[in-house]
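Below: the structure, in C-alpha cells.
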Amino acid sequence: EKVTFGTNWLAQAEHGGYYQAVADGTYTACGLDVTIMQGGPQVSGRPLLLAGKIDFYMGGNMLQAFDAVQQEIPLRVVAASFQKEPQVIMSHPGQGLDRWEDLKNADQYIIGDEGALSYFQWMITEFGFDPAKRVPYTFNPAPFIANPKSIQQGYVTSEPFAVAKEGGFQPNLFLLAEYGFDTYATTIETMQATIDKRPEVVQCFVDGSAKGWYNYLYGDNAAANAAIKKDNPDISDEQIAFSIEQMKKFGIVDSGDTEKLGIGAMTDARIQSFYDKMVKAKVVPADVDIKKSYTLAFVNKGVGIDLKK
Amino acid sequence: MMQEKLAQAPASASGKGPMLLALRGVGKVFSNGVTALSDVDLTIREGDFLSLLGPSGCGKSTALRLIAGLATPTSGLLDWRGSSAADRSDIGFVFQEPTLLPWADVFDNVWLPLRLKGVSRAKAAPVVMEMLARVHLTGFEKAVPRELSGGMKMRVSIARAMVTKPRVLLMDEPFAALDEITRFKLNNDLLELWQDERFTVVFVTHSVFESVFLSNRVVVMAARPGRVFKELAIDASYPRNEAFRTSPDYAALCRQASDVLIGAINSTAGPHYDGH
Amino acid sequence: MMQEKLAQAPASASGKGPMLLALRGVGKVFSNGVTALSDVDLTIREGDFLSLLGPSGCGKSTALRLIAGLATPTSGLLDWRGSSAADRSDIGFVFQEPTLLPWADVFDNVWLPLRLKGVSRAKAAPVVMEMLARVHLTGFEKAVPRELSGGMKMRVSIARAMVTKPRVLLMDEPFAALDEITRFKLNNDLLELWQDERFTVVFVTHSVFESVFLSNRVVVMAARPGRVFKELAIDASYPRNEAFRTSPDYAALCRQASDVLIGAINSTAGPHYDGH
Amino acid sequence: MTAIEEHALTLDPEEARRVRQERLERIGRWLLPLAIMVLAIWLWDRICIWNDIPKYILPRPAVVLQTLFDDAGLLFSSLLVTLRITFLSLLLAVIGGVGLAVLFAQSKWVEMSFFPFAIVLQVTPIVAIFPLINIYVDNQTTKLLLCAWIVAFFPILSNTTLGLNSVDRNLRDMFRLNGATRWQQLRYLRLPAAMPYFLGGLKIAGGLSLIGAVVAEFVAGAQGQSSGLASRIIEAGYRLNAPRLFAALILISFTGIVIFLVLSLISHLILRRWHESALKQER
Amino acid sequence: MTAIEEHALTLDPEEARRVRQERLERIGRWLLPLAIMVLAIWLWDRICIWNDIPKYILPRPAVVLQTLFDDAGLLFSSLLVTLRITFLSLLLAVIGGVGLAVLFAQSKWVEMSFFPFAIVLQVTPIVAIFPLINIYVDNQTTKLLLCAWIVAFFPILSNTTLGLNSVDRNLRDMFRLNGATRWQQLRYLRLPAAMPYFLGGLKIAGGLSLIGAVVAEFVAGAQGQSSGLASRIIEAGYRLNAPRLFAALILISFTGIVIFLVLSLISHLILRRWHESALKQER
C-alpha cells in the first residue's frame, strides 16, 4: 500500500529513522510503500494532511495538536519520535548571557514564526522575555553571529554546527526541554479517518519508524544517509555526523520512557503535565480536551528494542 | 478631356435631387457650456456639392460630425428618411487634422478602409496606388506619417477617405494645407470625379473662391452661436473649368459670397471684434 | 490710423537692412534618405518680411526649422555672423500644427513663453489678454485645446508666438486654417505690428495673394529636392492696405508670383505629376 | 416637433438601441460588479458544499464573514498597522520612483548607469537580503518600510521614465526655442506629459505597496507589540484557524480594491480635462 | 568654403560644444555604466574592509566571484531551472494580462466587474494561499508557474488596459465611420496604440516574473529534485555559506538586468518608427 509521509524540513539526519526504514525495507516488510516528501522553510505540509493528500505528517510539538482540537480538526498524534524538544536557544559566551535567566536581557531574540507562536509564548509568560525584542529567524544565522548581544533559536542537532563552523565560537546551548518545555517533538500525525479505516497501516508505519530509528542510530545508516543526501544534496557528511552525535548526547530520540516502551513512546501523564504547564503559562486555554489530540493505541509496545545494540 | 463629360452634367446645378438628409432645428451644446450650433435647418439632397463657409469656430466641424453620426445633437434631429441605410453608412470623412495611424505607413493608412471591408492587400494595391497618384504621393508608400510634411499628411487623409468611393463625402478643409496650384488641380480632380460618380459632398472650406468654384450650394454660417446665416445657390453649370475661374460670373459670385461672409462675421456678437 | 505710420515706413521695401542670417549651400537629408533641401542659398536681412512659397513637401517647414536651430543641416552652414546672440535666441515660432499643451488652458498656453522668462501670472495677464483679443479669442481663456476648433487652436499658437514680441518671427502657414475675412484682418494686424516694431519675419504660406500682400521678398521653392527656385522682390511701398489689395500693381505681382509657382511645380521631377 | 421626434425615434432603431444601451450601461456599471461579486461568493460557497471541503481547509463564506465580525477588533487594529506601512511605503515609492525617473531623464547615460541598480533592487528577493537589513537597520518601522518600498517603487520608476521620454517632439522644440531651462522643461512639459504614465504606475504600485507591507511583515516580523495582518495570517495558519486566515485575506483584498479605486479616482480627476483615457465620450 | 566653415565653427561655440558633447555622450553611454558598475563593486569591497565585515555576513566581491566560478556548475544548473519558470510565467503573464485587458476593454462594465478579481490576485500574499494551491494543484511546475504568474501579470494588465483606453478620439471615430467591427478596431487600432503602454508593463513584468519565480520556489519548496536559485539561497543561508548566497543573488541580479535589456531592445525595435519614446532625435 502506498503512503506518503511529509516531513517539516529538508531531508536531514533528524529524519534519519524514516529514511532508514524506507532504505532497508522495514516498511515494505509490513506491506507499506512509503514515500517521504520533504518540507522546507516556508512551507507547512500540514494542510496536505488535512486535505488527505498525504497520510502522515511530521508535527513539531504537541501544541499544534492542541490547536487542532480547538479548531475541531480530527487530527491525532500517534507517536513521538523525539522524547525531547530539540529546540535550543543559543547565545554568545561571555556576553552576560551565560545563564538561562539572563537570556531575556539580550538585545534581540531571533526566533522563527513557529517558535514565536509556541515555546516563545511560554518563555514570555514563564520567564519574562520581552515580545518586542523578537525578530523573525529567516533560517540564516548571520545576524546572530554578527550581534553578540542576540540570542537565536536552533535545533540542537543543526544550527550550533553551522555557528561553530562559520562563527568560530561554541555558542551556549540551552535545551528548552531542560527548562520545562517538556513536550514530545517530531511527532507522527495522522487523521482520525486513517486510524479508523486503516489501523494496520498506522501500526505498520509507527512500528516501522521505531525500528528505523533504532537501526539508524545504532546500526548501519549508510543507505539512509545516501537517501538523505539524494533529497538534499547540499547537506554534508560532517553535518550528519554532528546531528547523530547530538541526538545521542542529548537523548533526543532514545531516553527516559523509551528504555522500556520503545522509541515513539508517549504517556498520558507526560502530555497532561505539559498541557498543565502550558495552561499555567496561558499559552493554551484551560478547556481543551487533550485526549482528543493523541492516541496511545499504536505505541508503547517496545517494538524494536531488540535492535538496540 | 473635360468636354466629353458635358453629357453627364446634372440637369440643374442647384440640386433638385431626392432628399438625403435634413437637419431640423439642430442645436449642439457642449458639456462645457459652449453652444456650438443653434437651431440649424439644412436640407442636403443627393448629388449635392454643398460648401460650408464661415468664420473660425462657427461650428462647421461640429455640423460635419453631426452629419457623420460622430456626434449627437442636443436639440433637434437629423432626418434621414429620404435615404437608405446603405447611404448612411457609406461615408467618407476627411478630418480637419490628418488623423493617420502613426505606426502604419502611407500605403497601409490608405488601404485601411478597404482592409476593414475585407479587401486583401493585393486586391487593394491598384486602387490604393491610383489614389496615391491622384494626390501626388507616388513613391511615398513606405513612409510613416511623421516623415511627411503637413500637406502630405493631409493628402494621405484625402486619399484614404476617397479610396472606398463612398456615396457621401464629408470633407473638413481638406485642401487648406496645400499650395494654390496643387489645390486647383485637386479641385478639378474632385469635381471631375463628382460629375462621374454623382456622390454627395459636404465640403467645409475657408476659401470663398474654392467654395464658389466647386459647389452648387454655399451655406454661410455665423458664429456664437453657430447658425446658418445665409444660403447661396451657385447656378453656374458644370463642368466648371479654368474658363469659369476667369469668367466675370465667377468673380461676381465670389464677391457676393464674400459680402455674405463679411455680413456673417459682423453679425457675430462679442466685444472681441469691436477693435477692428 | 494707418496714415500716421507712414513716417516709419522702411526706406526701401526690398530689404537693405544689415544681414541677419545667411544660409550657404544648405542641404538636409533625412535618415530615411529623403532629400528635403539641397543647396539652398538665402540671405535674410534684419527687418525683412520674407515669404516662402512652394508646393507641398518642398521643404519649407524644414527650412524654417533649420533657421530656428531646431534642426541642423547635413551640408552647408548657417551664417549668423551679422547678428547678436540675443537675436538668435529671441525667436517666435508658429508651428504648422498648433502644438499646444493639452493639459493647459488657453491662457496658460499663451502665458507659457513669458512664464519661462520668469514673468508672473499677474504681470503677464494684460499682455496675454491683449494677444488673445488680437486673435479674437477673448472669452476662451479657460478652455483647454481639445475644446477648441482647428482655427482657434492655430490662433492660440499665433498668440503664443507673438506674446514675447520676438525679434525674429518664424511662421509656418499660420493662417491656413482661417477664413479669408479673419485672415485679412490678421494680415493687416501683423503688417501694422511689423511696421511698428521692425522685427524680422519668415513666413511660410500657400497663398500667393497673401505672400505678395505681406512681404517685401517672396522666395519660391521647388520640390524634390527642395531648393530655391526663384526670388521675387515685391517693391510696393508700405503701409499696404485695402487699396493696395485692389490695385492693378498687386494683381500683376500676384500673377507674376503665380507664374513662378507654376514654373516651380512643373520643374519638379517624378512620374506622379505626369498625369496632369 | 414631438411628432417628428417620435417618428425619428421609430425611424432610427439604431439610435434608439444606442440610447437604451447607454441607459442600461449606466445602471450595469454599478449593479453588475456587485452582482458578479455576489455570484462569486455564492460559487465559493457552493464549491465548499459540493466538494465537501472541511472548514479547516476552505471555510464557507458565511463562516469567514462571521469571523470577520467576531474578530473585528483584532483584525481591524492589525489592518491599521498594515495600512500605515502601506501608505508610508507608497509615499516613499512615489518619491523614490519619480525622483529616480527625473534623475534618469536628465541624460541617457545617467539612465543607463543607474537603471541597473534599480533592477537589482526590483529582482532581489527580500527574504534573502533581510539578514543584511536586519543587521544594519535598527528601527523596526524602517526595516518594514525598506522592504515594502523595494517591492513597490519599480513600476512607478519605470512608467514615469517612459512617460518622461514620450513627450511630443514639437512641444519639446517649442520649449527649446523659448530658452526653457532643464528644470522648466521638466516642470512645465515633461512632468505633466508623463502624468498618465505615472498614474498608471501608481495604480500598479498601490497594490504592490500593500502586498509589500504584508510581505515585509512576513519577513521582518511585527513592529513590537502591534502586529499587522501578516502576523495574523501566520498565526492563524499555525493555529489552523482557517476562518480567521481567510477573514484576514478578505480584508487585504478589500483594502487592495479600495486603494485601487481611490487611485483610479485621483487619476481620473487629474486627467479628465485632457487625456483620452479619462475623457468622457462626448457625442 | 572650408574657411567659412572654420570661421563658422569658431563663430558658433555653442554648436561646437554640442557636437563635442554628443561625441562624449556616445562614448559615455557604454563606458559610464561599466565604470559605475566597477565603482560600485569597488565600494562594496571597501565597505567590507573599512567596517571589518566578516565574510559570513557580507563577503567581499572577489570571494563571491571566486565562488561563482567554483560553484558554476551547481549555480548555473539552478539558474536554468529558475529561468524556465521565469520565461514560462512571463509568457503566461503576457497572455493573461493582454487577454484580460482586451476583455476589459470590451465594455466599461466588464472592466468594473472583473478588475476587482485581478486586484485580489495581485494583493493576495502567495505565502498565505499557497497551502490551498498546494492541496489542489498536483504538478510542481504548475504550482510554481501559478505563483510566479500571480506576481507578474498585473502590471501588464493594468498598463495594457490604460493603453487600450488611450486611443486618439479622431482615430476611433474614423474606424467607426468605416464600420469597423469590434475585433477590427481592436486589431488595427487599439492594440497597436496600446503597444507603448504594454511594452512598459512588460518591462516591469520581466523583473517581476523573475522575482516571482524565486519567491514561488521559496514558497513551494524544492520538492522536486531539480532545485532553482531560491533553494540555493535558502540552503546557503542556512549553512552560512554567504559567498554562495551572494553568488546566487548576483546571478539573479544579472539575469534581471539582461531580461530588462532584452525587453528594452524588443520595445525599441517595435516602437522606433513611430513612438516618441523610441525615436532617435533627428536634427
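Note that the chains take the letters A, B, C, D and E in the order they are written out, and that residue 1 is the start of every chain.
As a working rule, a contact is a pair of C-beta atoms (placed from the backbone, for glycine too) under 8 Å apart; a residue touches a chain by one contact, two chains touch by 3 or more.
Computed from a predicted model, the values in this text were never measured in an experiment.
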One chain pair leads in contact pairs, namely D-E
Interface of copies subunit D and subunit E: same or different residues on the two sides (over or under half shared)? same
Outermost chain relative to subunit C, judged by CA means, is A
The distance between the C-alpha centres of subunit A and subunit E, rounded to whole Å, is 42
Taking each chain's mean CA coordinate, subunit B and subunit C are separated, in whole Å, by 27
Whole-angstrom distance, CA centroid of subunit B to CA centroid of subunit E, is 49
Distance in whole angstrom between the CA centres of subunit D and subunit E is 18
Touching at least 2 other chains, the residues of subunit D are 57, 127, 131-132, 135, 168, 218, 237, 275, 279
Each of the following residues of subunit A touches two or more other chains, namely 44, 47, 51, 138, 140, 142, 146
Residues of subunit C that touch two or more other chains sit at 30, 70, 97
Listed in rising order, the residues of subunit C that touch subunit B in the complex are 30, 32, 34, 53-57, 60-61, 96-97, 132-133, 136-139, 143, 147-152, 155, 172-173, 176-183, 185, 206-208, 258, 261-262, 265, 270-273, 275-276
Counting only contacts in the complex, subunit B reaches subunit E at residues 65, 68-70, 89, 91, 93, 95, 97, 99, 101-104, 112-113, 115-117, 144-146, 164
Residue set of subunit A touching subunit E in the complex reads 10, 37-44, 47-48, 51, 53, 138-142, 145-146, 162-163, 165-167, 230-232, 234
So, in the complex, the side of subunit D touching subunit A is made of residues 54, 56-57, 127, 130-132, 134-135, 218-221, 224-225, 234-235, 237-242
Touching subunit D in the complex, subunit A uses residues 44, 46-47, 50-51, 64, 67-68, 70-73, 113-114, 116-118, 131-132, 134-136, 138, 140, 142-143, 146-147
